[in-house]
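Each structure below appears as structure tokens.
Each of the two complexes below includes subunit A, the first together with subunit B, the second together with subunit C.
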Partner chain A sequence: MGTNPLVFAFQLLVTLIAAAFLVVPAVTSILAGVTVNYFQGVRSGLTLDWVAQVWGLYAPTIFRSIALALGTLAVTLLIGVPAAWALVRKPGRLTRLVEEIVTLPVAIPGLALALALILAYGGIRAFRASDAFILVGHVLYTLPFMLRAVMAVLAAVDVRTLEEGAASLGASPWQRFIQVVVPAARPGILAGSLMVVTLSIGEFNLTWMLHTPLTPTLPVGLADSYASMRLEIASAYTLVFFLMIVPLLLAIQFAGRDRRATDRKARP
Partner chain B sequence: MMTSSSTSRGAAIRLARCAKTFADGTRALEPLDLSIEAGETLVLLGPSGCGKTTTLRIIAGLEAPDAGGTVTFDGVDVTRLPIEKRHVGMVFQSYALFPNMSVVENVAYGLRVRGIAKAERLRSAAEVLEMMRIAPLAARRIDQLSGGQRQRVALARALAVRPRAILLDEPLTALDAALREHLRTEIDALLRSLAITAIYVTHDQAEALALGDRIVVMRQGAIAQIGTPREVYFQPADAFVAGFVGTTNRLDGSRRDGRFETAAGAIAHAGADSAKTALAFRPESARICRPEEAPLRFTVTQVHFLGPRQRVVLTAGDTRIIVEAGPQEPLFVGDVVGLILDPSCLVPI
Partner chain C sequence: MNSADRLAWILLLPLGAFVLAFFLLPLVRVVAVAGEGPNGMAEYLVILTNPRHVATLLATLTLSAGVTLATLAIGVVVALFLARNRFPGRALLVSMLTLPLAFPGVVVGFMIILLAGRQGLIGGITQSLGLGKLVFAYSMAGLFAGYVYFSLPRVLVTLMAAVEKLDPALSEAARSLGAGRFAVLRDVILPGLAPALTATGAIAFATAMGAFGTAFTLATRIDVLAMTIYTEFTLAANFSTACALSLALGLITWGVLAATRNFAGSGVAAAG
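== the complex of A and B ==
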């Protein structure tokens, strides 16, 4: 197939721009994290000291962030999947209203949402001081992403008829949900889970207001290290961030992998 | 064994005063009485929006009739039972097969929710697959099947739980014409050998005539006629039924002294009801002959050669009728022909 040189030039340009803004900054930042002295450049030598320092200073913060992300995922799954099922089953004006209300936290600035939470529930000291306070904010913010991802898939597979089929075979509502609706929603659940975990781990807006000095998260710690420490430490922090989140995302991808796709490959 | 059963395993189903009004106030079904005998195949036939699917869903338990309506299976009131407790098999137009399960898992699903041990339910499912002649597909995933194969799996899945009645909602509509006719014959043989109560919804009159022990023709939420395929075809209750089932010719005219006078000529017809000013007849009830042999004369305006027969359009004044002729008869546009009508097949409408 002959390639139009103009098209090729355009493709090359897009690729180079993507590399310049996506790959180069990431590599630079990671490199800065393992450089002895950033202002002298890589010539000053490579070291893992900064990474070790970050780990020493921020390990609990990192674990808190991961726990928060997984907690947020658990809550959004428990609420989001049944809610998506209910909304798809009975489409109407009321369900559309519910959908809009649930989506609202995405449109409102995180700071405003956090302020509202603090005004309403900040007085309950034990709650305000705990990780659960941040969890509530993260769930509010990420729930619509789970809800929409699952709803889109359920609507596409015509889950109502699938469910009627299961019911005609004698399945109770609970059996229908576990054995038919959830497996049918699997691609949506996977997509939603990836969204929720990445959004929760990277969330700064809300968390900046909701955290206490005793409950910082990864991005809050990152801001702290940028503001108050050597550039190398902040960069090493970014490296640690990468090392934490990439395996986590891969694990979710693997856990939710579509069995059908692999079977199709094996088909004669 | 399922295949050797000859006695009826189905329930007798009775609907009494079943009406359905939806939440938005739409009246889908006028109060309706219907009884279906055990082992009978009943076809609900009508255009879209006539209430046939609503009737089926009320029988299934997917919709509740308005207050006052009752559904009974073998004399037991099941009006308040949800579908999962009614023990019916259902086949959908969209198949509704579970995409996360293989063919055999789909077929065994009804046995799985009943708590039957895995080995036993897989064996039962394999038997049903054998009966439907799709045993080689057992391990396939649903997205690896053709439309016809999917519908066979859907039928196998519904039959695997040995339901009291099988309910089919336009099961062949999504398939192409040749496959539709093939599967129709297969379903007919299957329902007859199982002697199961079957309720079959369709808008296709050919399907209804071929499959039904009785046909219920529905129109605007009410029953227009109930009868055997022959009754519905040869003695349609009204112009709607006549027009919906098969091709119908309408001969307008007026009665005088025991004769019926039309634009094509007058024929002897002793109709009691002089209010009805038209006669309806099927294409095959008429025979083309030489003009001097019959009192009715028409001009040939179109001839379609269909292979085993010719379809001929005849006109006389404003009257336009369709009749059939043998493949060898020399008929040409512009010819004047005579028409002999079988008096026993004329229906005043």
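== the complex of A and C ==
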């Protein structure tokens, strides 16, 4: 199809503006985080002082977020992967209903989920004040992503046939689960894990309500710095967040591309 | 029941227990608390009966619809451009457009402050052009920009995949039969993208309806549903209203997602 230069120019312009809209503020924030004085610009010199100050002020939030993400990952793996297998092997009305209910928290705003948790369990002081309270919220929110990723892979590899093969060789159901199902689900487990960790590290909607002054996470600290710190510190803190999240995002893109490539290969 | 079935049920138990304890029971509690306020059962409909909440609901719906339309429009143009043109740096451009995929709402709010805040880039540019300092971050317009920023990468990922699947022969056939460029877009391309547009549009809409982090970062004075729920719950300690509004909001977002998923699902089935 011959391209009309006007149409081409319009599309190019929209694409470039969209890219600039997304990237320019991110780059600005990174630069502001390492600039001596943002208002004078990069001319004022580059420094890591702001990053060091962020470390002094907010290091505990960073460690708490990493610990929470790993804890969330552990719980979603422990309860999500077995459940994904159970849901895939017998597709029926009941499993559809279970799947529906479990994925419901994704469709409901985090604020509402947090409010529900506080009303139900806020009275248990020791629980309310602990990191476990935030952990529960993060698991609730990320579990559907783990389930979907693992279920998609298990459905695609036809896990029932694999299992029947193993059963005919005398493997017990538990052996089949550990030695056949889990290895077969590995791409889904990897994709789901990356997703869970990324979402947990960045989660704010639930966490803002669930945290206490003694249990702030990285995004909670970010919100605090945006409201009360000078722009350079807020930017340096955001830079630290980018350094944590961007490798995860790239890994997700990479894993997705890998899987799509194998999907294409799998089809005749 | 054979032993494998029994194991499957056992393995499903931890998930069931978790969801029951931390989702279904709290949900029941929210429903109960919503009806325990001074207004009794009438509280459930507060979103439709209290003029202030009705105004907030309408503002939130309008904002979310606007964000959805804008994001889809930009998404279609960009996805078509990227599908039709191959050039050096294209992969980098795609990465730039999709990398902010998992920036949380708070960070997106900060991006908008850097763009359009009091010391923002846009204000600096308009000031140097002698137009005065343009600052719109801390208003509905800032929230609009924030939600477009938030949803655009997601929408693009879906639309780029959908555009790749379009059959270019259809567009060419329509063109060779004399259809104009606009007619091809309206009658061939957009219908072909309809399932992807509905699915991804519904997610953008639901996100804009319920998101809290961006609004929280930009200003607490923007009247959208999430902010109202937050202030009713934490500042006014008006639990029944907060619960009733949360239920209404949850029903809207879930309903939109459920309706379009079924619609998109049947669309895909019909196409296959």
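What to note about this one:
One rule holds for everything that comes next: the second predicted complex is superposed on the first by the 222 of 268 C-alpha atoms of A that agree within 3 Å, B and C clash if a C-alpha of one lies under 4 Å from a C-alpha of the other, contacts with A are read in each partner's own complex, and residues count from 1 in each chain.
The criterion applied here is as follows: a residue touches a chain if its C-beta (ideal position, glycine included) is under 8 Å from a C-beta of that chain, and two chains touch if they have at least 3 such contacts.
Please read all numbers here as calculations on a predicted model, not as lab measurements.
Put subunit B and subunit C next to each other and count what each touches on subunit A; the higher total goes to C.
By the document's definition of touching, of the two partners only subunit C reaches A:Ala223; subunit B does not.
Of the two partner chains placed around the shared chain by superposition, subunit B is the only one that A:Ala166 touches, whereas subunit C remains out of contact.
In the superposed model, A:Thr47 makes contact with neither subunit B nor subunit C. Once the two complexes are overlaid on the shared chain, A:Ser130 sits clear of subunit B and of subunit C alike.
By the touch criterion stated above, A:Gln175 is placed in contact with subunit B alone, subunit C being left untouched. Applying the stated contact rule after C-alpha superposition, one finds that A:Ala184 touches subunit B and leaves subunit C untouched.
Once the two complexes are laid over each other on the shared chain, residue contacts for A:Asp158 go to subunit B alone; subunit C is not touched.
Of the two partner chains placed around the shared chain by superposition, subunit C is the only one that A:Tyr38 touches, whereas subunit B remains out of contact. On subunit A, the surface touched by subunit B in one complex and the surface touched by subunit C in the other have residues 167, 172 in common.
Against subunit B, the residues of subunit A that register as touching in their complex are 157-158, 161-162, 164-172, 175, 179-180, 183-184, 186, 259-260, 263-264, 267. Subunit C makes touch with subunit A in their complex at residues 3-9, 11-12, 14-16, 18-19, 22-27, 29-30, 33, 74, 77-78, 80-82, 84-85, 93, 95-107, 109-115, 119, 121, 148-149, 152-153, 168, 171-172, 175, 181, 206, 209-213, 216-217, 226, 229-230, 233-234, 239, 242-243, 246-247, 249-250, 253-254, 257-258. Put simply, subunit A touches subunit C in their complex at residues 1, 3-4, 7-8, 10-12, 14-15, 18-19, 21-26, 28-29, 32, 38-39, 78-80, 82-83, 85-87, 89-90, 98, 101-102, 104-105, 107-113, 115-117, 119-121, 136, 139-140, 143, 163, 167, 172-174, 176-177, 198-199, 202-205, 208-209, 219, 222-223, 226-227, 231, 234, 238, 241, 245-246, 248-250, 252-253. By the touch criterion given at the top, residues 60, 62, 82-85, 87-90, 92, 94, 96-101, 109-110, 112-114, 141, 143-144, 154, 157-158, 161, 167 of subunit B touch subunit A in their complex.
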